[in-house]
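Two complexes are shown next, each including subunit A; its partner changes from subunit B in the first to subunit C in the second.
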Partner chain A sequence: MAVATKSLHGAVAAHDDHAGHEDYATRLRLNRLGMWLFFISEAFLFGALLATRFYLWGDTRPELDQMVGLIVTSVLLLSSASMYVADTAAEHGQWRVFSVAAWTTMILGLVFFLGVVIFEWGLFPQIYEGHLTPWGDKYGAVVFAMTGMHALHVLSGIVLIFIMWRLARKKHFTPEKHWGIEAAAIYWHYVDLVWIFFYPALYLIGTAHH
Partner chain B sequence: MSVRLTSLALVRGLIGYFVGFAAGMLLVMAARLMLGMEAWEQEAVYVGGIVLAILSFLLASGAMTDWLKWTRGIATPMRHGPPPGQPSWARYFGIDYNHKVIGIQYGVTALLLLMVGGTLALIFRVELAEPSLSFMSLDSYNVVFSLHGWVALASILLGVGAMANYLVPLMIGAEDMAFPRLNAFAYWINVPAALTLMLAIFVGGWDSGWTAYPPLSLRGAVGYQFMFWAIFGIGLSSILGSLNLIATILLMRPKGMALFRMPIFCWAVLATSLIQLTATQFIGIDFLMMSFERSLGMPFFNPIMVEGVNMGGQPLLHQHLFWFYSHPAVYVFVLPGLGIISELLPVFARKPLFGYRWIALSSLAIALVGFLVWGHHMFTSGYGEYLRVAFMISTLLVAVPTGVKFFSWLGTLWGGRLTFPTPMLFTLGAISVFLIGGLSGPVLATVTTDLYLHDTYFVVGHFHATIFGGFVFPFFAAIYYWYPKITGRMYNETLGKWHFWIMTPAFWVMSIGQMSVGVLGMRRHIADYDPALQIATGQLWVTIAGFFIAFSVLLMIYNLFSSAEIGALAGNNPWRSRSPEWQIPSPAPEHSYASPIRVVGEPYDYGLAGSQYIAMAGAGDD
Partner chain C sequence: MGHYSTGIIIILVLAALTVVEFYVALATHSAVFLLLIAALKAILVIWFFMHVKRLWSAEGGH
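The block that comes next holds the complex of A and B.
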């Protein structure tokens, strides 16, 4: 039997009986803390990229398609809303709603991702002729570094949501126990939050360099 | 009992590594052909090989198997004890989730790397023993000292991991770490990473030293790519390991163990982990950018002048990103060791630790102020003039919390009833050596003197003294001290004393020697020197001292191996320590604590009558 005890300063300690089934509340608390620590760490990763941007560009910026920037940003913000719906639905056991909202999020995420790859990167010149290359100059290099690192996170977020959707379909989660979904949701919000810093740094701050 | 080799994670991982390496290279070549490029371009092709090799190692070894099962909804119960049907040693070569096993894995790997790093040092120290080139070329010298640097640093990071992983859960009476699978993963990623680091030597190595300043690091051999990705892997280990330790310390303490009642070592680990969790990202992304600049030509660091305007990168960007990690990292190297010193002194002085709270907070203070001083490595770099004074002042501030530790140690020793078994000797040796290193710090932190001393052997002397005093000596102290808890047997005290009495004076000689040839004009990172500097005698002394140190370490290795078989049984608590881990049997059992512990007093009240730190809860308690 597992015992959770409240220690003097309010933190909770757990002792499982070596059989490996500690109680769910304790595990959840550890998981949540672990996730937040991971976010703190990642903040330094994205912070380093921002520092690079300001160090190399100063108060200039590349000329990027403002329309593309606005659209992908809105799409990503919208996806945070749908992910919120998915998370809440899981909390209430509304698995159909969850499923629809999860797919909405994945599709919006994919739209964002394709927007970056096709329009910002110009990877498919048949569709859209981009004018930046990663090796051209400091503008191309930093744009690709920042959007690339962020896109990698978006992509992994989509994979994570997909895994959770499949598990949910297999009745893996309950309203009480759905840490996986919660984790995917806060991860998704976090990745969005990062973009809220990246978007102005790439598109808005400084004078465009011709 | 015989063991099928492929049942060992290490063997499977190594096979996966080399298969993955080949596959990754082929993949990139195929992709290049499809894009209409020539198949062979060593930078991109090798990077493909390295990345897939490390990934394949992790997959083939099984370090990720449980997680992959989770994605398919398959539950994976915790495993305990050696794998069924296998001898108990086999688990050390396998994916084991027990923090004590992982701690030993870290420790043994660290000692192996220490020996590799040390051997490399002896090789180029022979070259330096007399002026003019004798058996190395200028190039091979550069490659060997560079490899020495990162191998030694990897060894330190793993040694820190060894102490933290083995000790923290034991000291706070926890069953294990917060995330045991993550713990195993964080250890295992070091293995392919360290392998990659050493393989670099077969493709020309890298010749810039550990700091990898561009533009040199953008132009040298492809060995740079091996180093960048190896350090990225080791950095990932730092991040994941520290995350785990912080969660463990914050949430898994027993009843009654307020933060200020933790064994002091846990404070040191907490401060260290905060640095590792955050700053490591900077070197990670820095080295990634360096790798991408080399393979894709993305100009982050190399300037491209177009009509008088720089459209490319800036070499100094690397120095900022690098030192923003690497200065705090030097505290990662030493804070746990300083924690060991504070941990052992009260035991061998039979007195309370002097100023517990001050020590605990000084670790945090060092960690935090450590983020504000990176520019002291760049006084001569040509950055803004005004930055020099700012970084000089912030650097000198670090001396304050460091001084707090020294005074606390003296206060603890003062009037104590001292005994001097090997761990205590190494603790005192650590203090003496750290003092030499610490005092040389402010000399370097002062702009005027640093302009003269920068890039000389004085700096080499400075950081070897701080790192040996702050890590190597305390690590050895810890090994001797907890050896009975790990093996149940006592090491050989005579051999231990020989180790100490050879290594410590030799180290003093080496330190003073390095610093003085530096002041006399010996540059670092150079294979040759002018006899007119009159430093040949000093250089010879440094080399001889190096050999003495290496020999003494071999004594320890021999001691550790032989005593595991024939050492006297140590009993549960040979040091009469109050710390929780000594209240359980030796060797520590699979499940450390049969019942939860409860903290009822202060940790270091040695010699105070009637004081008690922990109580083992009996049946019916709680």
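The block that comes next holds the complex of A and C.
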């Protein structure tokens, strides 16, 4: 009798484990689908900003510092590399590597944000004198709209990574179950993806308008 | 290092494409070339960093 009860308990536990795993797999698939639907909805927003740029500027662009554009783009690209390392480290349970890579991403994100605020927006003229204003002309309006919306996403990405880093410290994730980290990582790569189109649209396409 | 090798290769390709983009812009202001390079970079990011293929993964695992 005791043996039969024990074996029944074992079977129930195994069934619960299996059901739990299936539940997580289903939730994970739905979470991923939800995240990608969110990305598609965001693409309409960023696409509208790009359409505005091409409609208003045509084959021209504002005179922007090319070196600033190349540096902030490189910083964001590096942050994508460190986020990839953080995500992969979490997948393999290398939590120390995850921690260092997550902080590297947050710092690089902050450097990118400061680069935009100081050099593109010229909010600190004592450091760098900017010549565009959001109300000045069509160039300033579009530059501020595009970089502003993107910078907002960079800031929210930094907050998201910080929350994931804190949860990881509290052992909230395992190599098998770390959707939160994966979500933060793909969100960050999405922010990079948007800049892949914004960089040429703002800095490279068209002739500079003096 | 093995776990990270794909990411490192992709980052190097993305960096090289960014440099190409910069010099193409200096040589020509053609939007078509620049948007094609941007599209290529976007595909690499979506496929390798955003793991779009996991959407169809039957296991749903990482």
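By our rule, the second predicted complex is superposed on the first by the 188 of 210 C-alpha atoms of A that agree within 3 Å, B and C clash if a C-alpha of one lies under 4 Å from a C-alpha of the other, contacts with A are read in each partner's own complex, and residues count from 1 in each chain.
Here is the rule we go by: a residue touches a chain if its C-beta (ideal position, glycine included) is under 8 Å from a C-beta of that chain, and two chains touch if they have at least 3 such contacts.
On a predicted model such as this, the values are computed, not experimentally measured, just so you know.
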Counting only touches as set out at the top, which of subunit B and subunit C does A:Ile163 meet: first, second, both, neither?
-> first
Where does A:Thr73 make contact in the superposed view: on subunit B (first), on subunit C (second), on both, or on neither?
-> second
Classify the contacts of A:Leu33 with the two partner chains as first (subunit B alone), second (subunit C alone), both, or neither.
-> both
Check the residue A:Ala141 against both partner chains and state whether it touches subunit B (first), subunit C (second), both, or neither.
-> first
Partner chain(s) touched by A:Phe44 [first = subunit B, second = subunit C, both, neither] | first
Just subunit B (first), just subunit C (second), both, or neither: which does A:Asp192 touch?
-> second
Which parts of subunit A are touched by subunit B and by subunit C alike?
-> 26, 29, 33
Residue set of subunit A touching subunit C in the complex reads 24-26, 28-29, 32-33, 36, 59, 66, 70, 73-74, 77-78, 80-81, 83-85, 88-89, 91-92, 175-176, 178, 182, 185-186, 189-190, 192-193, 196-197, 199-200, 203-207
Considering the complex alone, what residue numbers of subunit C touch subunit A?
-> 3-4, 7-8, 10-11, 14-15, 18, 21-22, 25, 29, 31, 34-35, 37-38, 41-42, 45-46, 49-52, 54-55, 57, 59-62
In the complex, go through subunit B and note every residue touching subunit A.
-> 71, 73, 77-78, 80, 174-175, 178-179, 182, 239, 243-244, 246-247, 250-259, 277-282, 284-286, 289, 292-293, 296-300, 304, 306, 310-314, 317, 320-321, 324, 591, 593, 596, 622
Along subunit A, where are the residues that touch subunit B in the complex?
-> 3, 5-9, 11-16, 18, 20, 26, 29-30, 33-34, 37-38, 40-45, 47-49, 51-52, 55-56, 134-135, 137-142, 144-145, 149, 163, 166-167, 170, 172
